[in-house]
Structure formats: structure tokens, C-alpha cells
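Structure provided below as C-alpha cells; questions to follow.
Read from first to last, the chains carry the letters A, B, C and D; within each, the first residue is number 1.
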């Protein structure tokens, strides 16, 4: 399809929208959706996402980007065009629990998640057969305390080999090293099984049970060096009560984890998420 | 404040956004928020709401509108500017139940609802003292089967006298005549105590109880001649179970009615609601 | 496990709880959970569900039921014991859409749905391979207008052959005949893709879109002769807006359909649902 | 009304329900509602709440309690009868923000909150006129760093004078001393304007904005010496997005704070909340 998204962030100033919409109009682009947001209308930051259709887009890509560079320079924008036909290559990291993985595979199979799921990587062999039924290569890379670095080197090699654009940690119960993370900036999405910033770290359901909360949740965020502190993409919650023990919370929480992660991944794939410092702007 | 909203609807066609944003840019307007929606990107209908700040706006109003008319004509737009300093005059109609009325008065007092609540009209005298505590004139106009027309004439006279822009039926348990409604097109907002289109008409909570639903709701909509069929502005729901009898549903439902109506009225006051046939576009 | 549930409904009257709890106490049963509900505390109907553990239960089954019959007679109860080791045999009916089927299979595989999924029946061959991957027999029975009766005879034969306790219509897009339904009283669970009683019948998402609702939903209910009028077990909803067309509603609605049906089926399997006339009492 | 609630907690053991239900049966009590919960069915803790109607209850109170003491001793229960005609005396503490106060006064006036709101105490004079319109005495007690103890002494004297059963901190922006709290054990209910344990302490909305959460919430809990760590009674949440700044979160959050606090207070007044260590069992 001749569809693309133009993503912009820059200092807010008069004339941005006029310049961009004139540009697209002159190229004959049909704007399908347009969203914008200014942190502080008078002198703050400006974010924009425009989805448009332009006949024969593939052939005009280069020319379009060259021409837009002038506007980009004028307003000192961070900008990029994302073409819908450039399907993003995705890697999924899992451990033993399959619910988040299955939700992604399923939505992908149903056509709701437009990605090329190129590879699944796990520190356990258990989910191999399941993944291979979907026709996706599965790699079991053991992660041990002593050889974590080695394991990450293998993982990074796979990401390179498969030209991965985005990695999804679908309940991958390992902490990635700063080296690994810094090599994939804003390209790793995690699901944390709590309503962050409540219950950062390990065993959130056990701690939710101990605290006696009446609502549990899940949070999908970009991974940064600070554990569970990356920019939040999506969150959701579920009502619980005194009848539910920690095991119940885990079981019930799975459905929230699944849907929160799937939404976050879909929005990333559709270039709906802009990151600004430790927060996200989500145009959905 | 020098703040206004420009509301546009027209046939979708290339160049609209460019023309409008150029126009505002040349006037030195600072766009605070901009939302748009096309029913069908290729050849359907286009809706837009732009909120902007323009220094010394009051003095430029006339010139601005005259100048914009050219663009309006070119694209055959329905368009209007709504100035934030033109506070809308509001009438509230009530019967005996006070919860929706109180929520509106309260949010108004807290500054969350920017309106001039000019008058409260009721077919019962009960809520007079409450309303007058807020310094708002209260009119008790009896409505009887035989003299409904007379009552409506009195009500319409009040709407005229107080130059009312919008009437809110805050659990006003009377059906308005087509004559009344057609004199106030797209200017009457009702709260219906069910999740429409479920339980159109009378006694929705009793019928919800009879049907054994597990969720109840409330719906705020513009009033049209077709009972409970007007364009829906907002809806919300609440979980219930077999323990709740019809009285419980009524009691619990009050909180949903209150918040749904208050949100719908706020969006109307902020010119966030565009009506298209039997539906609304809500930019919120 | 030595776990069972005792389900009771009868006219409310003094002494029921005392009699039942004495009975279980004398047998040495350990009550794990107990729920009760009276429609009208003074002279209405009484419903009770007691989950208990009784060592060596299997061997005492018969004796227990014989002994309890005395109490049952005294209070003119409808009563039954449901033993946790008597795993219910389930049939799933599907057409072409797989999301509800997959959710059930998945939760079943994860151990969250305790049933013996004995057979999947479809009027289309499409989902055969998927089902067979789970090791479950799949039967494709064509349903045509002219030979509907024949098809239902084949289906009923399968239900008999596999000794089915409960049939789940997981988006089975066929209307069952009164004959079929009356042969499976309170044993067929359906998922309707709307928030009943809104949008009874065909194409609910299209009609929700036409009506411009701001919330869509799904409803799981027991199937009766009156289309979409059977006792509701569970409902849930999802917020939508003007941006969503009918196709979007369908896509988004799938996640609600999945979770609502799975919850309803789980509650049925755990004997948490008591039917009274056109409504349910759900002890969850 | 001849209605009472019997509240029990003790070590779980066989025969409790039988003993209690026999006791009530022999007294001719009609059980309206009964809820129970065991933390660990085999050898853990047991909680029970029975609501019953007993003709001529007032005259039998003493006899009933004396007789029940035998059962209480046998099972080493913590137990108490709460009679519906013993309306609880409530004090409300406020600072300047009125939304939580108003919600309580309003639900009280509507008859949804069955309490005797005996006094409102504030560290600011602002809300005096509002409170007095409801016919409730209002006391302005200044709280300064240096004379906090003095202020608390005045407050405690009022609680004693008005024979207060429960104090509600309706956005009372002062931290109470351990002395004050220990004199009112399990009798002070607070509303915290975050989804605890996220954002313990001051300025939760500002911190929620900084963190970029997609959902905000409110928590009602019993007050203990550990700030914001007391047993949680109720929580609820609200979806927000990047468009909302800290001020918006505050404004939107008010509606969640109101409803969460009102529900928690109602459940406390109806003796639906049992405290166990740092958690609650809520029978609702």
C-alpha cells in the first residue's frame, strides 16, 4: 500500500503545521490521520504524527525525504518517514511462560499485528515446538550467571543476522546488561507484571498479595538501564479481592499482561509511540 | 483569554489542512490543540477542531471571520469560531432527583464546568431552596398532561429571556414535544439511565434487573424527536450482580449518571462535540 | 482430589444453613467456600453453593447423597453434589472465526479451564488442522438450510457418543432448533458479540457503529429458544470512539468476546452458576 | 429495624458454621446475608459476617450476646454484634479541598451513607459555611508545626465529646501523630490520592505526571503509624494520557478520590470490613 507515517518532534514554534501540510498537499498526499501534541503551547516541545497515502510512494521515497529535509532543517526537527510496506522485523524473547508469546503469535496470525516475527529466543528449550508450529525459527540460548555476556553476544548476533528492528520481552525473566540495552536504544519493549511504579523488581504478584491491594495491573515499557523505569507505553488493571491468593493473582494477571503487551507492541509497529526523555507520547 | 476554537466540517478533499493552517499562521495564531477526523479518507467527510490563541482576539473577531469565509466558501465548509470568552449560557431542567443537578452545580462551582448557569427549571418545587443557595434563579413550572403546551411555552420564554445556549435535562422526567425540541436544535443534552440502545424508554433499571444484566450504564445524548435515539455524546457502565435488586441498581446507577452527564456537558461547553446525522464526533 | 460442591435452591425458610452445615460437619467435611443468596430475605428463594473437602470422598459419594436426601426432602430443595474429580465433558461448536475457540483451548492447555474438551464440531472445515494439533477430534458437519435437521441429528449423536455435559458455541454462527436446545437444557453456553439486550440478533457491530455507541460489549449466556434472551452469565465492555469503523469494532470486540466467554465457561465448569428463570446467580 | 451483623474471626476449624447457624436458628433469626472466608482452608484463619433480622432485637441484645459468648469461647473467636439501629457517629477532617467532604455529605443526605455525621474539623476556616448549611457543627482548629500536639489535643477532645466511632480524613492534608492514631485504632479512614503503593507520600499527581503513567488512581485505607501503609479498603483507577498535565491529573483524580472514599466509608459503616494484620477482608 502507498501508505506512510511522518513523525516529527521539535521545539514548538509558529508555522510548523502550515509548512508540513503545505508540503504534503503539494506532493498530492492524502492525509488519513493527523495527531499533534505540544507539551507547553507557548515555547515547549511539539510532536506530530501524520499518516498519509501517496500514489506510487515507493518510487518517490527518496525524493520526498530529500525535499522534506529543508523543512526539517528550518524548524530543527527530529523527523522520519515510516513506510507501511517496510514491515518491521521483530524478535521475541521468552522464558518458560507462554501466555504473552502466544498472544503475540496469535494476533500476528490474525493479521492484527503487522510485523515480521523473524525469530524467538529463549533461555529455556520448552517453547521450541510451539514456536516452530508457527513456522518461526526458535533459538535456545542458555543464560547462566557466569556466562551471561556470552549469551548476550549470541543473542545480539541473532538480532543482527535477522536484521531485527524491535525486540519484545514477552515475560523473559532475565535482566539485560547495559551493553545489550544500549545497542538497541528504544527498540526493546518489556511487559512488567505490575502496575508500575508499584512493585518494581521481582515477584510483584507476591508483593501485591502481601500488601493487600484491591487492583493489580501490568505495564509495558521501553527498556532502559534503570530496571522497570523506562518510558511507559501502556498499562491496564484488574480488580481483585481478599479471596485471591498470590497464585490467583498470577493466573488472573496473565490476561492483563497479554493484552497490555499486545497493545503496546501494535502501537510501536504502527509508529504511534514517540519517546521524550522518560515518557511517551502515544497517538492512538 | 485570547483563546478560540475553529470548528469545521466539509467534504474531504486535498488541501484543507494546508489552507486552514496557513490562514491561522498568517494571523499569528498559536495552535494549542488540533484534531481531525475523516469518515472515509478517500472522498468522505472531514471534521476538524483547532484550538488556538491569538493576541488581542476580541478586537480581531470580525476581521478574522470575514477573512476565513473565503476558505469556507472554497471548500464548502460548515464552520464557526467559538471564543472562549463567550461563556455559554446554560439552563438546567430537573424533576425531583437531585444527583445530576448537584454534580453539575458542584463542578461548576469548582471551576471544572465553564458555563453561566443562568436558570434552573423544574416541574416540582422541591429543589428550589438548594438551587437558590447557589445564587441561581429557580422556576417551578408545573407540567400536566392537559397543559403541557402551556408549560413548554413558559419554559421557552425563560430560555429566550435568559438567552440560553444549551439546556441540560438533568433527570428531567418529562418528554419534550417536537415543537420544543425543534426550537432548540442540537442544544438539548439529556442523561438516560441506561446503556443505550438497551432499555430505551421508561424504567430502565427495573428492566435491567428483570433481564439479569451483569453491567448497567448511563448515556448522555442530544435530544431529538425520536425518544432516546439522539446522537450519543458519552456512555459509561458499572458492574453489578445478582445481589443487587432494582433499588440497588438505581442507587448505584446515580454515580454513573452523574459523571457521564458532567463529561458530556463539559465537552459540549468546550466545543468538542460535532454532530453528524445521528452520531457525534467527540474530540477529547 | 476429595473436593466437591453442594448446590442448593429452595424456598427461603429458617434453618436451612444450620441443617446443611450440621450435616457437613457431622460427615467431617471441611468447608472451603460457602456462598448464599436470598432473592427476598422474607419468604423468597434461597440459593447456596458450598465447596468442601471430605477425605476419601469417592468411596462415600453414594452414602452422602442418600443421607442428604432427607434434608433435601425436608426443605423441598433442588440439590446436587458435583465432585471435582468428575471432570465435565465439553463440546465446542465453531464456524470460521477462531478467537473464542483458541482462547478456550489455550486456557484449557494452561490448566485454567478444568474440562475434558472431547470434541470440536464445525460447519466449516477450516479450523480442523488447528484443533487436531491439540489432539482433539474435529468434526465437520455441513449445515444447509434444507438439511439443518439432518445436521443437528449428527451433532446430537456426537454429543451422545462423547457423553457431553456442556456445549459451548464459540462464535458458532448458526441458530439451533428448539428441538436441539430442549435436548440440552441449561447445557449450551453462547457468546453474543454485543452488550445484550442491545443489538439482539445479527450484525451487532455494524449496528453499534450505525448507532454511534461509545462502548461496545459481549455477553455470554445460556441458550434458550428465545434468540439472545437466555440467562446471562457474564458481560464485559470496551470503550470505542468515532475513529472506529465497524471493522475496527469487530477486531477490538474479539478480545472482549474471548475473555467473557472464557470466564462464563470457567464458572459453569466450577458449578458457580445457578439458573433461576431467565436469570443467573453467579457465585464467583 | 431489627437488623444486626455478627462479625467473627478465629482459627479455622470444623464446626464453626454449624455452631453459629444453629445458634441463630434457635433464636429465630432470619439470615439475610452470610459471607465467610478462610485464608488457608486447612488450618488457617476464618472470617465471617452474618447479617440477620431478629424480631424485637433491641430487647434481646444482652441475652443474645451472653449466650453467644459460649460459642465465642469454644472456638476462641474475636466476635461482635453490630446493631443497625446503633448509627455510627462520624467525624470528618478536611483542609481546603471540598470534593471528598461534599461527596460524603451528599451521599449522607441522599440516605446512601448511614451515619450520624456529628462534626467536621478543619485546619482552615474556608469550608465552615458549607458545612454549617448542612446543619453540622464545624470546628476550625489551626495546626502549626510548633503547636501540633495542642491541636491534636483539641481534636481528640472533640472526638470524645461527640462520642465519635469513626473519623474520616477527607483530604485532610496533615499527618497525624502516633499518639493520635493509637488512640483511635482501626477507626480512622484516609483517602490517598494515588494508587498505592505507587506514589506513597506527598504530591502523588505531580510524580505520576513525571513518571508518565497511563493510569492514575486513589486508595482508601485505615490509618496506621506507617504513612500510607495501613490496610487498604478500596482502590480505583482512571485512564489518562500524555495530553494531561499534573493539573489535569489533579482535576480528573478528584472524581476517583470521591467515589473510592465514599465506598470505603459505606462499607465500614455497614461493618463489611474486617482487618487482619496489614490487610482487609471486605464482604461486599
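Here is the rule we use: a contact is a pair of C-beta atoms (placed from the backbone, for glycine too) under 8 Å apart; a residue touches a chain by one contact, two chains touch by 3 or more.
Note that the structure is a prediction, hence the values are computed from the model and not measured.
K.L.:
Hey, how far apart are chain A and chain C in touch steps, shortest way?
P.N.:
Minimum step count, chain A to chain C: 1.
K.L.:
Among the chains, which is located farthest from chain C on the basis of C-alpha centroids?
P.N.:
Farthest chain from chain C, going by C-alpha centroids: B.
K.L.:
Across the interfaces A-D and B-D, which one involves more C-beta pairs in contact?
P.N.:
Higher C-beta contact count between the two pairs: A-D.
K.L.:
Which integer distance in Å separates the CA centroid of chain B from that of chain D?
P.N.:
37
K.L.:
At what distance in angstrom does the C-alpha mean of chain D lie from that of chain A?
P.N.:
Computed from C-alpha means, the inter-chain centre distance equals 42 Å.
K.L.:
Indicate the residues of chain D shared as contacts by at least two other chains.
P.N.:
Not one residue in chain D touches at least two other chains.
K.L.:
Please give the residue numbers of chain D that touch chain A in the complex, ascending.
P.N.:
37, 195-199, 210-215, 217, 231-237, 241-243, 278-282
K.L.:
Help me check something: in the complex, which residues belonging to chain D touch chain B?
P.N.:
Going by the criterion above, the answer is residues 98-99, 102, 106, 110, 112, 133, 251, 254-255, 259.
K.L.:
Per the contact definition, I'd like the list of chain B residues that touch chain A in the complex.
P.N.:
14-15, 17-18, 21-22, 24-25, 28, 30-36, 38, 41-42, 53
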